[in-house]
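Labels run A, B and C following the written order; every chain starts at residue 1.
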Amino acid sequence: MLSKEQNKRFTEVGPGTSMGELLRRYWMPFTTVKQLHDHPTRAITLLGEHLVAFRDRSGHYGLIQEFCPHRNTNLLWGIVEPEGLRCPYHGWMFDTQGNCLEQPAEHPDSTFKDRITVQSYPVEELGGMLYAWMGPEPRPMVPHWDNYVRDDVVRDIGWAVLPCNWLQIMENSLDPVHTEHLHRYFTNYVLERLGSDDPTARSFWRSQADVRRHKKIGFDIFEHGIVKRRVLQGTDEDNAMWKYGHCVVFPNMLQFGQIRVPMDDTHTMYWWYNVHPKRAGEPDQRPEEIPVYKVPMPGVDEEGLPIWELVDNNSGQDNYAWTSQGPVTPRWTEHLGESDKGIILYRRLLREQMGIVDDGGDPMNTFRDAARNVSIHVPTETDDPNFEGLTGRRVGEQIAAGAVSTGASGKYSPINQQRAREAGFAVPTAGPDAEKRVRAWGYIHPREP
Amino acid sequence: MLSKEQNKRFTEVGPGTSMGELLRRYWMPFTTVKQLHDHPTRAITLLGEHLVAFRDRSGHYGLIQEFCPHRNTNLLWGIVEPEGLRCPYHGWMFDTQGNCLEQPAEHPDSTFKDRITVQSYPVEELGGMLYAWMGPEPRPMVPHWDNYVRDDVVRDIGWAVLPCNWLQIMENSLDPVHTEHLHRYFTNYVLERLGSDDPTARSFWRSQADVRRHKKIGFDIFEHGIVKRRVLQGTDEDNAMWKYGHCVVFPNMLQFGQIRVPMDDTHTMYWWYNVHPKRAGEPDQRPEEIPVYKVPMPGVDEEGLPIWELVDNNSGQDNYAWTSQGPVTPRWTEHLGESDKGIILYRRLLREQMGIVDDGGDPMNTFRDAARNVSIHVPTETDDPNFEGLTGRRVGEQIAAGAVSTGASGKYSPINQQRAREAGFAVPTAGPDAEKRVRAWGYIHPREP
Amino acid sequence: MLSKEQNKRFTEVGPGTSMGELLRRYWMPFTTVKQLHDHPTRAITLLGEHLVAFRDRSGHYGLIQEFCPHRNTNLLWGIVEPEGLRCPYHGWMFDTQGNCLEQPAEHPDSTFKDRITVQSYPVEELGGMLYAWMGPEPRPMVPHWDNYVRDDVVRDIGWAVLPCNWLQIMENSLDPVHTEHLHRYFTNYVLERLGSDDPTARSFWRSQADVRRHKKIGFDIFEHGIVKRRVLQGTDEDNAMWKYGHCVVFPNMLQFGQIRVPMDDTHTMYWWYNVHPKRAGEPDQRPEEIPVYKVPMPGVDEEGLPIWELVDNNSGQDNYAWTSQGPVTPRWTEHLGESDKGIILYRRLLREQMGIVDDGGDPMNTFRDAARNVSIHVPTETDDPNFEGLTGRRVGEQIAAGAVSTGASGKYSPINQQRAREAGFAVPTAGPDAEKRVRAWGYIHPREP
């Protein structure tokens, strides 16, 4: 339980807030290479600031303030030029460093443009994603987590805008036991509600879940964050789930594939960065070829009833848990138990790291040494060739046999869907259609049509 | 005319308000048996509180707070169990009394769950509806108005969420003369606007209305509320409309079939509880078989113009009058005349009954004696076999001849529609489609698309 | 750059504000004759007031307060009568002067109705538009700008509700250089984004734009407002664009065809009043025959990306520039240059005219002398038979050859479209469909689905 004041301190992300300052010490992914190749401008909200991302005709990436400083028009409609972004209204042009290069309607000798700058942030590319640096200089390096640099995989990237604060998403990752309930027991209930509990009728992403109890959970702070461990019914401490565990990479990642980027205090851009083993003969992907897909959000229909087909899968279930807590969950009404000790540990770590930043230091996961930033591997349960996962089946063998992952946002991943189709499974089509039926969460409560 | 302060006192319904306390002395219908049979959980807003209704697998009905006290997830997605409702996130389970029965991830010996309760309200069933008690104990009985207990009828139940305070709906029921204008004269105008004033082209719910003037109106407080009387042009005080009159059952019902349940200060759940004479050979309905239908709300289209087909009928016309006054009508701008004396009387009665509750007493229509709560009949004009109604035709004879009621929400009642179809009438189909074209009332005023 | 306080003074339009008082010294068009012929009531928001316009069965036009003073129902559903508008609820009837003529449910001898009035505003018709007077008496005359009274033209009238303050729209008209960028250079970029840069594939409203630089701009206050002048590359001061110029008619018109009527502080009703040369044999239009069309607004799609086909034309481009500045642009963040001197001049004129009204005087363009209000012509560049416009082609010759104007909202004008069709051009169909894909401007920033 946090006081209202503590809750504010943990959840506000704008400039000048304690958490906002800590978060500004990390490179934040904000769009993908493919997205800016397909559409050269994009509206970005990041840590409470409204920005426009662009790719100029020379291939430079920029991230600058949304409004033209001349007359406040929105630069999302900006014209991309060889060396910058031009406002459509009067042609003022800005480069990626925020300099005003041209003001075509002013006198050629005018020095007015030299006195104009726009807010801009450095951008770097890694593994098909674009990262922004919003903190002080000297900036550190973009971390080279191994999944972003290895070449034995193909990738796709899912995204969703979640209408809630980032912290309630992160807390979910410090909470191993929710998998037993939300992803296993509840899955069976959802299948019942959908009227599809015939186990022979399953498509690749729906299957009756065996529910194994958690016998024990444990947490350790390590170099890059927190490792969480579990012993499930039928396993022991020799199992990879306890020995290696599952890591939360500080401050805002689950392993390396799920990244929670605070847009503002009540919205989070979620990225599912997926790597799939590259198959024989499969060509390399160029960054601009990495597919991007939107992950549907759960919700209620116009009668206020849950749309069950949106929570028949891992990401839908998590989305429900995160966002149904409200825009910023009121932690002064929560009741944490012994099983929530990972959350308490994570909050302690956040508090400690905010303190380090307050004192002018570099927080955890600041990389300034190139030699140590080549391909960072964090030990994880999947390193164990015998790793069985929640299903109790060997993951390695399954994948070798043609199975695909249905965890995370796997239901909607185009590469997953393609591989499942090739293996003869039915693939889901309902998700995006179902999302069209969704009314806003607020619709649960009465409001005008 | 009420002051702003008085208006607040009459319209605020939350806990601790004067009106909210009076309303908490009445059982409030909040959903139907059929609704919870079809979908075992449902989001309910009642007297300013956000709740979840559920039916567990043993058939018990519960009404508890919306948010799980553990981590604030919404229990609308809760899993129904033999003895309660289980949160999908970590499996906490609550019974209908609000006890926390299980916390699966806590140690089996933990007493944590014994210190957790959720807000819960007693629920009772009558006539296919479910009622909640939100007041102090000892609670009284659910009133057995005869229409809820008689067995010579079949029933269907309409509902709508009205975006306005309950009081402006009730005031309409103390106002006999509006029928002459809103339901008769205006009906003819609506038919003209629809371009369908050919009297031979009418379907069962549309007919050219004879407009008869009100010569006299009268009001009396009686045991159960207020009876209102009228003498129409062509009738006298021997007519049932004056002798018996039409009753408002205190505090929130018109006769027994129209119930206005305050959701919050600016929304009202409206129930049309209809009884239709059971026909020979027609089987009894089980409570979970009573059809439920949504009544379309009037509104404007995207150009801001009225959608006329939504106000060609009684409930559409009333909905217009109630909701177009705004979320809470500013009674300091009203100008009441002699013809509004019923409204003034009703406000006086409300004030008096709020006083009784303030003094710790039982207000009007509190039933604590089972012998007097078997089947309560309130004399009403339809008791007179010669009752003619506003149309000037004998209602009894009409029904015997196969006619159906088009009053209240009769246009949309499935039993009405079925009977009309059997009698060879055309039945309306446009209503629900027309409702899809409705923009919010607020759209009348400029706002972003 | 204006202070926040100054910005407020320039942008607030409600009763009692400085700008609101100045604007109340002008007749404001609020609907068209045809609109009230087709639908006899219409909701109107004007200078911060919510009103209902109506046409009674005798052909009188009224503009009265939205809410019935009896019980606050909305008179948009009012019944039009031979001498007024009747409330559907209880039949109170009001005439165009705001008198209450009938209260059918009150005693025939009651004087209650004589004590009831509603707010009403005088209405006059000119050239198919209806104008309201919201200022003090004695009211001046509706100005007879020549386009509203000449009989050698046919007319059509476009409209849009813009979600922004009127002033940022007017400032655009004092800004000649934006045409070079927003309407020429940006047009070519939009065609590129649409993937349709093949010049042979153009339909009448899309063409590759030649971009000619502004060599010089100038502004003069004259009798009716401000004339703006320009010298484009390849022209000199003998050109009509400099000699005659282009006029802004004070306070809220561009020439006579584009009128910006403040609805409230953050919404503007835009009217495009178009005159097209009448062709041989073409019949006169009666006022109720003048076509009215809705002009689509630009916006972003559900992924937050610009919908380019909505900005491939003059009005779409301007709409973007006006509304993307936000509901009320924060002028304390603007950076005006030498090229913005027209805007500065216009603000000075507004300030001066607000002062005249404060002192009780008649501001600019107050007409009280009928002899001087027969058909007011303001010299303008199109008076020159050799006028070439931005395209560098003689406008007169083009029109004689069958071309149609694509400036202003010409893309959507039905008369333009008809004439283009007759001349063998393809006509646009995408606009209105594209508008359906538009999400609100606010959608650029994160918000719930």
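Just so it is clear, a residue touches a chain if its C-beta (ideal position, glycine included) is under 8 Å from a C-beta of that chain, and two chains touch if they have at least 3 such contacts.
Here the structure is a predicted model, which is why all the values come from computation and not from measurement.
K.L.:
Counting only chain pairs that touch, give me the topology of the graph as line, ring, star, complete or other.
P.N.:
Chain contacts: complete, every pair touches.
K.L.:
Taking all residue numbers at the chain B to chain C contact, is the shared part over half or under half, that is, same or different?
P.N.:
different
K.L.:
What is the distance, in whole Å, between the centres of chain B and chain C, each centre taken as the mean of its C-alpha atoms?
P.N.:
About 45 Å separates the centre of chain B from that of chain C.
K.L.:
Taking each residue of chain A in turn, which ones touch at least two of the other chains?
P.N.:
none
K.L.:
Taking the touch rule as given, give the residues of chain C at its contact with chain B in the complex, in rising order.
P.N.:
For chain C paired with chain B, touching residues are 39, 41-43, 45, 50, 66-67, 69-74, 76-77, 79, 87-91, 103-107, 110, 112, 116, 161, 163, 263-264, 267, 269, 294, 297, 299, 435, 438, 440-442.
K.L.:
Within the complex, which stretch of chain B touches chain C?
P.N.:
Chain B reaches chain C through residues 171, 175, 177-178, 180-182, 185-186, 189, 213-214, 300, 303-306, 311, 317, 320-321, 324-326, 329-330, 333-340, 444-449.
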